[in-house]
């Protein structure tokens, strides 16, 4: 049993219920013991920082303070929502790096008899925890229903791999963690070059046309590369691509149907958990096709979907991609 | 005395890096306060802690020890020894009831004239803030005692 | 120049995707610059025609009221004000969200609202001091 | 207040010290009141052995030196203080002057009042006081000086050159042609280095092979050159004039004597391997191979990890077809010991790994190439016989984008400029356009085309119709936003001259990757006892006045190992290093500073604290007598052991405890006494 303090974030209880449900469903087989922060509050998303600094950090720091009070054997706070993850990490990082800010924020916290020692918690994203703490091997062991033949588009959005204050990720723009995880689940992972492009964030509320163009790029590319389903690690991304896909189609007169699920939902499926426990059906762009693809017990002879770019054996050889340790090694060189 | 306190600082430099940094500061005409008086050693590893206590005991208000950046020592690794001795000296100074901030260790490569100058400037200000040391004069700790104490100290390497 | 910068809507368009941070050859943290510009613009009351400041403000109000974000309230209030015409197109989505209970009709409120309010109050005082 | 220094340290008569204060024109006199300083020295330092103090416009001039020599002869001076510039400039000058007058040169001490006083201070009074303090320190120090003899070491005329690139080749030929022996050690199976991989060289576009191959051959055939390819230096002992170097000659598995270089083995070898070194990963070689047909020596090596025989125990195709029976599957590595007097390091560079910038897509997008790959593509002897084609091996690109400064001038990777990329990119622009007629775009931050005929070449490329976009490329993507971007690589960039974002669709992207130090440069530096910059480039003795020597006597550097540079610069530096070495060899011996540590056995308590301190293994402990001894030949004079000896049993000539203690006292007498009086 690995213990973590959980910061769910507002959307997990509303727009991203499917994420929360599926997380609860898979945490048992994964041996994840998640304890919610008592009486946590909103992290302020990207909005509060836009209005004023100190209160925004104080808002975030309240959660950190509450969490550190709860911290006993574990000091790891896991956040499934990327905006929350970023904000918690950001507050912790800047309170560490700028003692002055740390002091001011703690003065504010004092008004609520709270205090947070910067750096005393380890802020992690759920995917990070699953891939690096639990480990792909133990995940693989739990797979009973491999996602064979399912063309999955891995989509992380921007705020988890960037700016990556504490170097948790293999890369800022093309991290491999989600791909590896999905491969382990038996899915046919699409090489998706936009995996860390922005979904538009609050754009649909601010400048719809801009937002729709951003969504179009993401969805059309996923579609062109014959993805059956997009899978994300971020409630905001899911909401935008799922919720606004219809409006986007209207806007461009297109007719895309690209369902988007949370990676935890696919993990659940692969673990053989009932779809309804995993919050299937909560998406607006129906992901039935996913279930259909898998519902049919994939017999071994079903040919896996053809690779998108058939590589001819002749021609000039390609350089081999860097492995994680190589990347780490190279990074260390630059880090002074 | 009414006029503002001008600290006297003894600076130990390494022949290969920091002494050349000082030369470079000169040729580049980079200005720094005249409070520092330099002594050339072949290597920061040559710095016998006794020198530092001698300097303080004889009226210096601060001592600046300079050497090559870690990994760039002309004698491969002797600056690391200087680093360790520096820690020892700080401890010993505390033992004498002297603020260890009165000695500063600075890495300056032969190319870092500007850095050398700015380090001197900031150190002079720091020592000025600490005020005069007057060690071994008005009978606080006699200079010899300091040296004697040092000789007893086993110098680690 | 200052006014020009603070009136600009660039910072409000920024979705803080942090691409600039990891690509900047000079390691400049551009999103933080953007946030600071936004804060300053708000302080200086120089924010110009952009729905973003409003959205941010509405969001903040909700959070300060309940301690949690309240999408339903936020969405309805915001769209009514800025995109009344879009509501028609939005209906299917809104309905869908409600039907699937992905949007709560009533806000959730944290238990210790008193504490949070106190903290934010102190924080604002401190902010004002700077 | 300062002259009030009666009854300080006991005056002692046996020293007769002369103090000489230099004006250095106005360089010193402009800030320091030299006349006052001289008078003060004459008056106030009398009781400390100063018998004469003079100031003069230029002490370093011959009349200046004559002053000193005259005084030594007439006043019988036995110590000399020259307060002038940095000892690194004129110490030699004044020591020679003393020697000419029959005084041991090491009884002369310089005090720097220019670099350390007049040039860095503005307050004239304070500067003058500081100058006095410095002289006071110097006087106290010099009283403790003792006559020393320089250490004379013979120079072994043989030279070791590490690295067989163009720089190393140049050095080797210069020295060998002068009639002295050279050992040239190269890690790869053949010499030639990166230059051998190129097709054309900027700015003249003459063929690289045509100008390099003759040089390579004369190295291979030169009677004075022992060529050790497929070999690496493992250990370096000794010091200037007398290094003993351990070299591992890796097993070629081929008898170099018997082999005729006919090449049949490479023909018959069934195992194809991607050549990541010479062909930059674009081409194939066999498991037994020479990097190229022009290889020197023209002797193949067996790539053991890839050879079928070592894998399965069968095959032996090479052995079967080898007429002279030169294949030696059982050949072992050889360890050679070379005795040389000087060493030249020309270990070159490595290309920046473009996969580290994922948004440029190298390794992910097939048609993104690195500069070295393009060198091979354009090379007539390369994998495509000089046809510039895309990764599929046949299609000719219609539009090509060349991205400059890849991994250079970027705090995320290397903050330095790699110097050659601009010119190399211009070269590619020309070659690609010439071979394919493609439209070429250059994306640059600044064009740096300094040096002879370089900017002319830039103009020429401009005239050829190459497009130049000023801006750092944000990303290279294969995600189209509209129809005419479909199937292309799109280069997203801000055109900073227009102030607009642009998306330029191209067929092929060339990343002009920067230069990096060899991955193992820091270990190499450690092996040879020289130092590396933070980036990993070898540090030269002086950035301007001595970019060839290192801080370590007898070890010189040439080519890109010292920092990014192009071929002409590498050749020049290689030749320069050779000239330096030849100078040394001609002198047959050289004098070293007699700065050495030695143990006074009577005092040594045998505590062994010093034993672990010497990085040069100069310290040995005699179990029988329970005392430590220092080998003066190995001692480099850092003095760390002197400082560490708790018994004070180790003395360091030139920098003895007495001398430094005295200097400290001297420096501080100035300010301590007056207060003592008031106290």
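The letters A, B, C and D name the chains in turn, as written, and every chain counts its residues from 1.
FYI, contacts are C-beta pairs under 8 Å (C-beta built on N, C-alpha and C of every residue); 3 or more make two chains touch, one makes a residue touch a chain.
All figures in this text were calculated on a predicted structure; none of them were measured in a lab.
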Any chain in contact with chain B as well as chain D: none
Of C-D and A-C, pair with higher C-beta contact tally: A-C
Chain at the geometric heart of the assembly (C-alpha centres): D
Inter-centroid spacing, chain B versus chain A (mean Cα positions, whole Å): 53
Chain A and chain C, separation of their C-alpha mean positions in angstrom: 21
Euclidean distance of C-alpha centroids - chain C vs chain D, Å: 56
For chain A, residues contacting two or more additional chains: 172-173
Shared interface positions of chain B, touching two or more other chains: none
Residue list for chain D, restricted to those that touch at least two other chains: 359, 412, 534
Pairwise touch network: line, ring, star, complete, or other: other
Which chain pairs touch, all of them: A-C, A-D, B-D, C-D
Interfacial residue positions of chain A with respect to chain D in the complex: 171-174, 191, 193-194, 217, 221, 309, 312, 314-322, 327, 330, 334, 336
Parts of chain C lying in touch with chain A, wherever the complex brings them together: 11-13, 15-19, 21-22, 29, 35-36, 38-39, 42-43, 50-53, 55-57, 59-60, 63, 67-69, 71, 75, 78-79, 82-83, 86, 89-90, 92-93, 96-97, 100-104, 108, 110-112, 115-116, 118-124, 126-127, 130
In the complex with chain D, residue positions of chain C that touch it: 19, 22-27
Chain D - residues contacting chain B, complex: 86-88, 112, 114-117, 119-123, 126-127, 129-130, 133-134, 137, 522, 526, 529, 531-534, 539, 542-543, 551-552, 595, 609-610, 612-613, 615-616, 636-640, 642-644, 646, 648, 652, 654-655, 657, 660-661, 663-665, 667-668, 671-672, 675-676, 679
In the complex with chain C, residue positions of chain D that touch it: 359, 409-412, 472, 474
